[in-house]
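Lettered A, B, C and D in written order, each chain numbered from 1.
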Amino acid sequence: MPSSIDILWFIPALPLLAAFIGAISTQRMRSVASGSALSAMAVSFGLSCIALKDALAAPGVHQVNNFSWVSVGTFNLQLGFLLDPLTAFMLVMVTFVGFLIFLFSTGYMKGDENYAKFFCYLSLFAAAMLGILVSNSLLLTFICWEVVGLASYLLIGFWFFKPEAAAAAKKAFITTRIGDLGFLIGLIWLHSISGTQLFYNNGEGFLETINLVEATAPALFAISAIGILLFCGAIGKSGQFPLHVWLPDAMEGPTPVSALIHAATMVAAGVFLMARVFPLLEFGSALTVVAYIGAITALLGAVIAVAQNDIKRILAFSTVSQLGYMMLAIGVGVWEAAIFHLLTHAFFKALLFLGAGSVIHAAHHEQDIRALGGLAPRMKITFATFSIGMMALAGVPFLFSGFWSKEAILHGAHTWSVSHIPFYIGLVAVVLTAFYMTRLMANVFFGKPRSHAVEHAHENNWVMTLPLTLLAICAILLGFLGTPAFPWLQAKLLGKDLSGALEFGKIFEGPGLMITSIVLVALGLGIGWAIYGFRKRERFGDADPLEKRFPGLWSALEHRLYFDELYAATILKTNSLLASFSDWLDRWIVDGAVQLVSKLGTLLGFINRDIDEQCLNAGFNETAEEIRGIGNTYSKAQSGDVHGYLRVMAWGFVAIVILVSIALNI
Amino acid sequence: MTILHLCLIFSALLFSLGLAAALARSSGILVLLGIELMLNAANINFIAFWKFSPNPENGTGAMFAIFSIAVAAAEAAVGLALIIAIYRHQSSIRLQDANTLKG
Amino acid sequence: MTTFPIITLLIIAVITLGITAVALFLKNIIHCSILLAVSWVGIAAFYLWAGAEFVAFAQVLVYVGAVSMVVLFAVLLTQRKQLDLEKLTGTVGFRELGKLAAAMVATVLVIAIATTPLTGSFDAINEPVITVRDIGIQLRDNHIGALLIVGVLLTVALLGAVVVASAEPKTEE
Amino acid sequence: MSASSESILEAFPLTIRDWLASVVPLDWLQWLILSLIGIVAILTVFGLTFAFTTVTERKLLGRFQNRLGPNRVRIFGIRVFGFFQPFADAVKALTKEDIVPAAADKVLHFLAPCAMVAFSLLGFAVLPFGKHLSLLSNIDAALLYFFAAGAASELAIFMAGWSSNNKFSLISSMRALAQLISYELPLLLVAVPAVLMAGSLSLTGIVVNQGGDLGILNWNVFTPWGFAGFIIFFIAALAECNRCPFDLPEGESEIIAGYLTEYSGFKYALFFMGEYFGMMSLSGLGVTLFLGGWQAPCAALAFIPSYLWFYAKLIVMILCFIWMRATLLRLRMDQLMRLSWKFLVPLALVNLGTVTFWKYTADWEGGMLVARWLIAIALVILPFISLGKVLSSGLGPRKYRYA
């Protein structure tokens, strides 16, 4: 039996195969497409569990399987696969949540005419994500990273006939691309410094050699800059401020896609990457940037989520906010808490999204919470599971997983030596989270139905409720993997034995840290219920209670603090300004210069002719013509002529050879 | 000056002739033929290096030449199809006329 | 070291280069294509000289048998009036510049090659022969992936060529 | 090349050649003479065969059409049923005026017939005429060489058609190009099975592979794939030689002899010569690939020298060509294309699969042997039937798109 590191590549390869099958199956073979996708995920899940078992047997050991990809002369580029507890936990989470989402999709997308294509894209997405997880090379990570971007583009724009969906897909693609540019630059820079792309290679990967680097100022600067550049990629993918704008728009895709993107995969990629290269970040001063960006994002997402009306949009902004938490955790140096929160969040957010999908499906694609209402008695399972998800997200104490992971982050932030500002921002976000989730629950499940479709809503079939139930169970149980009393997960992730640090006193450490946050959660829930629970919404058109009180603030929040408008006004404007400037430059300066030369030639010719006619009468005519000919030739250089370009290439080749030979003193 | 030098100069001259054709002829077909010649010159290099390599018995150069010929055939087919399409579009195969994209 | 192979090589090279040079600067495209077919045969002769029999025949089969035919077809399909032969040759400055560029490239390349020191076995006339069987085994064992890819590439290229060449403007229908 | 164990007859041509070559002392001169003798022998034998094939064809066609055919030519009063006709024709062609159209491309117009004959002769270099008779017997990729040489003859036809500067000629050369390219594919594809079975591209190797104790039953044509391959080969060869029913490029009744329109006198004769040489070399290839080459049909008949067997088979092939010409009508251009691309090429591809099956089941015996034959036959017949249905279905009104 081969060890699991050798078969690790099967985990992404199987969904890729399923994607291929999905790509070639016709509409009539739809069950083949979904069947292969589901079974690929199931087998991958099984393999991931084996990998997890192997990884847990030796925490703190990074098993690698490297191979040479490109070898030209002395340049040798290696790719590889890596197995350690971080990878293994993420693998299990992604394959499990992915499998449930796939299962849910078979119900949700039943009527869609591009069913097979959908599963093809889903599998491609999963394959790329799993590729990121098992990669042992920044380059391989980047390749998969881009494939994730492509797949998310395809999935968000799956209903491309809707203009909003098409626009959202483009937005997601382009916005994340901005971040990826930073990633790419960082990657190349890193390669030029360290000469390797491998994370771990028996003491030669850059994460291992980083500790040997002397902390001189240039090295510190370079490594910090690389860290920040890599973080740019994470900003794009994980929807951090200021590139968070694509994430809520991505809700235009089918709901399982939203669940997949927001819960398990795409947004997790950024956090995972940061956790993976943590030794690199730790070395420089990039972590501070990460912490502040994370804190800002956490607050921003929570604030905006308060005033949204689309059920999926609220969840999207809560994702933005939670991702901010995770980045905050990484920034303050407790990346194991970030991963813990990532795992718990993946489950309860997938649960929430699929619950929302269930609601939407039952309510005939009604997504506006003002039009829903009173669903609690009609959809009992959905209501129960959604409530569990909501309480996990809000951080209701002791029973729900979100509480434990959030606690771990806040604890880390509190002990951060640099500043306490992120910690206080986090506390504010805790209140807001509890508040907007209460608002969501009150509007969707209580009161009375406010549209015709909702009145006739009923529970969905097992394909959709089974994933909900399973996820709900996980959303509760998973928290106990990492309680302060028993930090098993953290210990495994760090590869250290933390049992010595097992202190019950930690719970009440500091200024009553845990008590504070419990109080804050209660506060949020209380305010929320006070505003939305007691006086329930009567009609669709009623203004929100908060809207009546603070109309200006509300509309700003409703418009997501005008980020889109801001970007449209600044970046897009700048872009088109730049474009028209280039146009102008080309039209007037370049072309003008060419024209000028030719005009000059003509002028010279004219002058010549005048002299000519008076003095020599004939001789210079030819010269003038010649010069005009040269002028014409110059202006032809800009003619879009293939030959011209070819010729320039030939001249360039000659020039390069000459230069090289001069340089080499031949 | 060794024999390999002679082979290489032969191929370099052939390459330059192809380049000259590609640069100085305006008919798309002839430009394409010039490019084919350049490919052939590259093949000559492969074969020459193979002949004078220390271990010619594994035949890498010849393999390369065979694949290169196959790709050149595909290139010729597609290129000529493109020329026919251009011709249908603007009833001329002068490459100077195919400058719709000029600034 | 016998001089016979060198003389053969020189004869092949001079004839091929001469034919190619003439071919590429004839006005008549048909003459160009037919002469070029001859120069491809010359290149095949070089392969034979070098002992790559299979490559030589493949060259003749592909270039003389297929590519030149397709070229002739393309000429006939695109050249309805033979009168625009003169126009096809382009302006004088354009041609001279092109030739100049090519001449520069030739100079640079020849100088680079001539000044590169090549010693050792490059002078000896060794007679490597790769048999068809060897080529087949190589293709099957070491290059099977490349072979499959080339097969797919050729299929796709041919289909693409058919599609591109047969796409008729809708207005004509 | 020792021929000690062979009969005297078998070694006879070699003996004569070696004797002639031994006259000169110098090494390289001897080499030259050896080569020249081979070339001269081929030219003489096939030149004479060409001459007599023409007259045989005319006489046979006459018989097919219930008339006598040429029977008047006499030399010194001897008339031999008019079999001296070709010599009279040669004299006539040589003495006729050579007319070159004023608008013709003079150089190409002159080169075309020469190229035609030259290219069609190239193929003979690799054919194994007998056990020891082959000009370039050591060539490894002989089959490839044969096709490479054949590929060039298309160029000659194109040159002829284009240089004549005549609409009909141009149309005919376009037709010829399209036809030759289309039929070269099935020709090549059905040659591959023989190569596969022999494991060699060398024609001698392919012939040797068809020898054995079973005699005639060892020939490729007596296997399912060989039979199908032979039929396809025969059809494609007919088309490659522009023979009826595939004589569209010449089509006297439509395009007044096509690329031959502007040729007269000896150049015209050269075209004919090239065409017949092409026919003979292709027949020779067919004999080599499928009919056992120079192998005798059974051991008892092996006392007849191998080159005579080869020649006899060649004659039979050529007679079949003539028979086809007398029997079938000319195809239309679209039918021609469809036959090749939609019928022969797919069948040839299927045939490739059949031969693979055949090769892998070489060790089946007993009942499995019967199964092997049945499966192979089914692999040949079923595609034939289904493709035939596709080919003949949906024959609507024809569209005149090309010429």
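Following the convention adopted for this analysis, a contact is a pair of C-beta atoms (placed from the backbone, for glycine too) under 8 Å apart; a residue touches a chain by one contact, two chains touch by 3 or more.
Since the structure is predicted, the reported quantities are computational estimates derived from the model, not experimental observations.
J.: What chain lies closest to the overall centre, CA atoms only?
T.: Answer for the innermost chain: B.
J.: Averaging only over C-alpha atoms, locate the centres of chain A and chain B and give their separation in whole Å.
T.: For chain A versus chain B, the centre distance works out to 45 Å.
J.: As a quick test, compute the distance in whole Å between the mean CA positions of chain A and chain C.
T.: 50
J.: Counting in whole Å, what is the centre-to-centre distance of chain B and chain C, each centre being its mean C-alpha position?
T.: 6
J.: When the C-alpha atoms of chain B and chain D are each averaged to a single point, how far apart are the two points in Å?
T.: Here chain B and chain D have centroids separated by 34 Å.
J.: Where does chain C touch two or more other chains at once, residue-wise?
T.: Residues 54, 58, 66, 73, 94, 97-98, 101-102, 105, 109.
J.: Going by the touch rule set out above, which residues of chain B reach two or more other chains?
T.: 19, 22-23, 26, 96 - these are the residues of chain B that touch more than one other chain.
J.: What positions in chain A touch 2 or more of the other chains?
T.: Answer for chain A, listing residues that touch two or more other chains: 643, 647, 650.
J.: Please list, in label order, each pair of chains that touches.
T.: A-B, A-C, B-C, C-D
J.: Which residues of chain A touch chain B once you look at their complex with the stated criterion?
T.: Interface residues on the chain A side: 586-587, 591, 638-643, 646-647, 650.
J.: Considering the complex alone, what residue numbers of chain B touch chain A?
T.: Answer in residue numbers: 19, 22-23, 26, 31, 95-96, 98-103.
J.: Considering only the defined contacts, which chain B positions touch chain C in the complex?
T.: Those in contact with chain C are residues 1-10, 12-27, 29-30, 32-34, 36-37, 40, 43-44, 47-48, 50-52, 54, 56-59, 61-63, 65-67, 69-78, 80-85, 87-88, 93-94, 96.
J.: What residues on chain C touch chain A, complex-wise?
T.: Interface residues on chain C, with respect to chain A: 93-94, 97-98, 101-102, 104-105, 108-109, 112, 115.
J.: For the complex, which residues does chain C have touching chain B?
T.: For chain C paired with chain B, touching residues are 5-6, 9-10, 13, 16-17, 20-21, 24-25, 29, 32-33, 36, 39-40, 43, 46-47, 50-52, 54-55, 58-59, 62-63, 66-67, 70-71, 73-75, 77-79, 87-90, 94-99, 101-103, 105-106, 109-110, 113-114, 116, 118-119, 121-123, 125-126, 128, 130, 134-135, 138-139, 142-143, 146, 150, 153-154, 157-158, 160-162, 164-165, 167-169.
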